[in-house]
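Read from first to last, the chains carry the letters A, B, C and D; within each, the first residue is number 1.
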Amino acid sequence: MSIEILQEGSGELIGWHDPDENRRWVLENKTRDLRDKRTTVKEAVATFVRDGDFIAFGGFGHVRVPMSAVYEIIRQRKRNLVMAGKTGVHDADLLIAAGCVNKIDVAYAFGHELRGLSPASRRAAESGQCQVIGEISNAGYQWRFLAAMMGVPFIPARTMLGSDTLKHSPCKVVTDPWSGKPVCLVPAAYPDVALFHVPRCDRYGNAQIDGILVEDFELCRASRRVIITAEEVVEHEVIWEEPCRTAIPFYVVDAVCEVPFGAHPTHMPYAYFFDEEHIAEWLDVSQTPEGAEAYFEKYVFGVPDFEAYLERVGGVRKLNYLKQVEQFKAPMKVPWSKGK
Amino acid sequence: MSIEILQEGSGELIGWHDPDENRRWVLENKTRDLRDKRTTVKEAVATFVRDGDFIAFGGFGHVRVPMSAVYEIIRQRKRNLVMAGKTGVHDADLLIAAGCVNKIDVAYAFGHELRGLSPASRRAAESGQCQVIGEISNAGYQWRFLAAMMGVPFIPARTMLGSDTLKHSPCKVVTDPWSGKPVCLVPAAYPDVALFHVPRCDRYGNAQIDGILVEDFELCRASRRVIITAEEVVEHEVIWEEPCRTAIPFYVVDAVCEVPFGAHPTHMPYAYFFDEEHIAEWLDVSQTPEGAEAYFEKYVFGVPDFEAYLERVGGVRKLNYLKQVEQFKAPMKVPWSKGK
Amino acid sequence: MAEQATTFTPTELMACVAARLLADKRSVLVGTGLPVIAAVLAQRTHAPHLLIIFEAGGIGPLVPVIPISVGQSPTFYHASAASSMHDVLSACQAGYVDYGFLGAAMIDTYGNINTTVIGDWARPTVRLPGSGGANDVGSLCPRTIIILRQDKRRFVEKVDFITTPGYLDGPGARERAGLPEDTGPYRVITQLGVYGFAEPTKRLKLVALHPGVTVDDVQANSSFEVLVAEDVATTEPPTAMERRLLREIDPAGIVIGK
Amino acid sequence: MAEQATTFTPTELMACVAARLLADKRSVLVGTGLPVIAAVLAQRTHAPHLLIIFEAGGIGPLVPVIPISVGQSPTFYHASAASSMHDVLSACQAGYVDYGFLGAAMIDTYGNINTTVIGDWARPTVRLPGSGGANDVGSLCPRTIIILRQDKRRFVEKVDFITTPGYLDGPGARERAGLPEDTGPYRVITQLGVYGFAEPTKRLKLVALHPGVTVDDVQANSSFEVLVAEDVATTEPPTAMERRLLREIDPAGIVIGK
C-alpha cells in the first residue's frame, strides 16, 4: 500500500536535518546542567554566530527583536548568513543592507509593516545581492519550527495548497491516508542559531516572556544554538516562584546577556515603545546605499557597544520617553506617516 | 511518486473526524463571543455529557482531575461512554466501576500509580464488561490531541514503532518522504466532551492553570465540548492582568462551574494534597462489586451534591488538613502503603 | 437614517465598508492597517461582541488605538489571552476563525492575490514582502475580505504569482488542491466599489459602487472585464459617528490620514 | 571506602544501583517510585547536576520528597520550568533526554517489556495498565534503565505483548522499525543483579550480582538461559549515607518500605 506524493515544492530545503542526525548533534553539543551562561553580546555573537549560519530571530515584526545582537553581528562583519524570514523586518533589512545576510527564506521580508517597504533590502533582492531561496507562509515557518522542536521530519498543514508560495517552498503535498485529501507537509527547520530578547532570564537561560510568545516557544527548542539577551538577568529563585512562566528552558540556551533596552528601536511589550523616529531615520537614509553605509558608520561601527549606541539615539531622555509612550503617558511620534 | 504505508494498527479509530467535517462542526456549534457560561455541575453534565460520548478528563493521574464532574456523571447514570485513557486513573476506575464507561482507549488505565492496580476496573476489563478498544502511548495520545487542535488529520511521531502497542493502536507507519525512514502517524482525536478542573477561570471560560499544563492546552482545543470546573470564578479583569497565563481560552469552553475542592480526592497543585485516606478507602472497598456499589451509594447517590460529599469525606477539618499537607505543614498519611 | 458626514476620504469609506461586513458574535483575524481599524470600528458600532484575533497571539483584546505591529501590546491589551502564533493559526486551521482580512498588491479575476513579486520570481522587477500570514488567512478562513486600491496594474486577469489562493482557476479548484472546504475570498473592497464572486464561476463580480462611482470607472481601472451584478447597490457613505470613531481608533492618522 | 550499612533491603539496593548508573550533568526522565528515588539519590550523591524531568511537565525540580504522582507539585518544586507533556516528550524525541527509567511486569531476552496484558490481548488473563509513557521512554531514550523484581514469570523468553520496545527481535530491528538510532535498553536491575545487553546479539546478559547472590539464583529466577559476562562484578551494597538519604527522600517509606 502507498500514498501519493502529489507535489514537491522547488524551494531550497534549508535547515532540515535527518532527525537522527540532529539528535546526535543535540547529544554531543547541548549541556543539561545549570551552568552560568552570562556573557557579553560581543562574546556571544563571536562564539555562537558563524559565517554561513542559518539564522533566526525571536519576536515578530518590530516587536521584541534582539537588536543589540543584530548590531553586533553587523559590527563583527559576519558573512553569508542565511536568514529565516519568519517575518523578518527591521532585523532582516539591516542585516541584508549591511551585507551579512545574502540568502533569505521568505515568509515575510523586505517590508516594515505599516511603515512601508524596505528600500535597502528590496534593492538587494532586486539586484540579486541577496538571494531569495524559497517562499513560505507564517504558519508554514511556525510549523517547520514545531517539527524541529518535536524531532520529527515534518508537520502536516492545510495552508499554502494550490499557491505559488507552495511551489517555491520546500514543502510536499501528499494524500492523507485517512481522509484521502491532499495535505501539505512542511519539513522541519533547525536554525543553526537563534537569538531572542526577553524581559527576564536567569543566568542559566530560563527565560520568561511577557505577553504573546509569537513562535519563540517552538523556535528556541528547534535551534541548535540559542543566544538570549534580556532586559534583566534575575536570580534563579525568581524562576522558582512561577516555573509555569518559563517560555525558554535553560537546556536549549547557550548564552545569556543582560542588555537593558536591547530591543531598541523595536518595541518591548509592557516596557517601551518603538523608536519610530529612529526607524524613520533608517527608512529615510537607506533609500541610497550611501545613506545606509553612513547609518552603519554612525550607529554601529562608530560606537563601541550598545550603550554608546543608546546614547547616540537619544540617551536617557529618549528611553524615558519610549517608556512613557508604552504606558500611554506620552503621545507617539510617527514621522514616517505622511498623513496619507 | 508515492510513499509506502508500512503498517496499519488495528485499534479502533475513535474520535477521528475528517478535518473539514470537524471545521463545519466548530463553525456551527462553538460560540465566539464573551458570554456568561456559569452554571452548576449538574446542569453542565446534563447538557454537555451525552450517553455514548467519547470523553476525556484534564489533569494527569491523580492530579487536577475534575472529580466533582466525575461524581455527577455517575449520579446522572450516563452510559456507554468511551473514555480516552490518556492516563486515566481514579476517574477511569470510578466511571468504569459505576458502569458509565464501557469502552476505553488505553494509554494508561486500570492502575493507581504508586498505589497499585485498580481492582474494580481491572475486574471489568478482564470480564469484558469494559472493552479495551485500542492501545497507545502517552505521547501518542498527547499528539493525537495536538493534531486535533491543529485541525490536521495526523501528527508524525517516532515512538511506538516496532511494538505491539502500535499494532493495537489506530496509528499508521509510513515512509518519511525526506529521510526515507519509517515514521509513525498518530491520527487526530477529537473528544466529544472534555472536562477540566482549574484554579481560576472567568465567567466566559478563560482559565489559568498553576504549575504544569500536562496536555490540557491541546486537549481543550481538540474537544468539541468543554466543561470547566474551577476553584474560583474570577472577574474577567483578573485575566487582563496576565493574559499570557490563559491556558484555556473562552471560545473552546461551553460551561463554567465554581467548585471549591473540585478535584477532591485528587491533588490540586499549590492548593491541596491528595486525600490518600479516601483513595485508600476506595481501593479497599472496590475489591468486590458489592463494596464498590456501597461506595457509590454512600458518596455519590447518597448525597445531593458535591458539598454534601465534602462533608461526608471529612468536612472542613479534612479539607484544612489537605491544604496543610500541600504546604508541608502537616505530614501526609498514606494508608495504602503497607510498608512494602 | 444615520447622520452622514459631508466629506470623507476613500480610505475612510473603505474602512467603514469593511467594518459593516463583519457580523456580530463572530471572529476575525486581522493584521495592522485598515483591517484592524475596520474590526475595531465594527466592535464600536454594530458588532460589540466581535472577537478580534491577531496572528502573533493576541486574542480578544480591547484594542485601545491602532497597533503599528501585529505583535504590539495593544494587540493583547485587556485581552482574553496573549498566546502564540501556533495557537492562533491552529485555531484558524481548526475552524474557529470566521473572517480574515487581507491587503493585496495585485488581485486577479478569481481573487488570487500576489504580494510576492512583480515579474519573474527568480529575477523580479519588484520584490514585495511575500506571504506573511496572508496565505494562511486566505487558505483557512471561511470568509476572506480583501482590501486594496484598484487600478489597471492591480486588477489583472492573472497574477504573476499566487501568493495567497483565491479560487485558483475556478470552481472546485480549492477543494481539489486540498484547501479546507467552504473557504475563500468573500468580498473585495476598493476605492471604487465592493466585489463578490459569481456563482458558479467564482469570478470577481461588482456588487456595490461607492457614491459617485460608475461602472465605467470600475472597468477603466481594471485590466479585465469585471462582471457586474444585476442589482448593483450603492455604498452608504461613512456617517459622522463612524468618522469620529475612526479618529479615535487612529488618532495619529497613521492609516486613516490626517 | 565508604562506610557500609550492615543491613539493607533489596529495594534499597536496587535504588542505589540505579542511582549509581546516572552520570552527572546528564538528563533523566523519571516516573514515580524507584526511578525518582534513584534520580534524587544520584543528585544528592555523585550527580548534583543531574537534570530530572517528569513526563507531565516538571523540568529540573529540586524534588523535596518522593511524589506519589508524576504530575504532583514536588515534580515542579523549585523547578526551572513547569511545562507540558508536549514540551517534555518533544524534548525527549528531539534528543535532550539521556536516561529513561522504566518498571516492567515482564521482560524478555531482548529487553522488550510487557505492561499491558498477561494472556491474549482481546481476552486477557490479567489486564495491566498499558504503556503510559513507557513506550515513549523506551522508544526515545539513549539509555533506558529497567527496574523490576525478577522471577520465572517475569523473566521470559518472549513477552506476550511488547508494550515498550527493547531490541525487538535482535540487532538492527529498532532502526528497521524506525526508532531513533542509538537508543534502547541499557541496564536491567532486579533484586538479584544487574544486566546489560550482549553485543552484537542484543540479548540480556548478567553483568553484576548483588551481594550473596549466585549465577544459579539468577538462572533459577529466569525462564530462559541468561547470558553471563565473563567478568561478573559484585554490586557494592548501599552505604549508610545512601540509606540515610533514601529515608530523607521517602520519609513515609512508600516505596523504600518501613
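General observations
In the analysis below, contacts are C-beta pairs under 8 Å (C-beta built on N, C-alpha and C of every residue); 3 or more make two chains touch, one makes a residue touch a chain.
Given the structure is predicted, the values throughout are model-derived calculations rather than measurements.
Any chain touching chain B that also touches chain D appears here: A.
The distance from the centre of chain A to the centre of chain D, with each centre set as the mean of the Cα atoms, comes to 41 Å. Centre-to-centre, using mean CA coordinates, chain A is 37 Å away from chain B.
Averaging C-alpha coordinates per chain places the centre of chain A 27 Å away from that of chain C.
Multi-chain contact residues of chain D (touching two or more other chains) are listed as 76, 82-83, 93, 180. Shown for chain A are the residues that touch two or more other chains, namely 19-20, 150-152, 157-158, 181, 183, 211-213, 243-244. Viewed as a network of touching protein chains, the structure does not reduce to a path, ring, star or complete graph. Chains touching one another, given as pairs, are A-B, A-C, A-D, B-C, B-D.
Residues 11, 32-33, 55-58, 64, 68-73, 75-76, 82-86, 89, 92-93, 116, 121, 123-136, 139-140, 161-165, 168, 173-174, 176-180, 252-255, 257-258 of chain C are the ones that touch chain A when the two sit in their complex. By the touch criterion given at the top, residues 1-5, 8, 13, 16, 18-20, 150-158, 172, 174, 176-179, 181, 183, 185, 187, 209-213, 243-245 of chain B touch chain A in their complex.
Of all residues in chain A, those touching chain D in their complex are 19-20, 22-27, 30-34, 148-152, 204, 206, 221, 239-240, 243-244, 246, 249-252. Chain C meets chain B in the complex at residues 24-27, 49-51, 59-60, 76, 78-83, 87, 90-91, 93-96, 98, 142, 180-182. Of all residues in chain B, those touching chain D in their complex are 59-64, 85, 87, 106-111, 113-115, 117, 122, 125-126, 128, 132, 135-140, 142-143, 146, 157-165, 168, 173, 181-184, 211-218, 267, 269-270, 274, 276, 326, 328, 331-332, 334, 337, 339-340.
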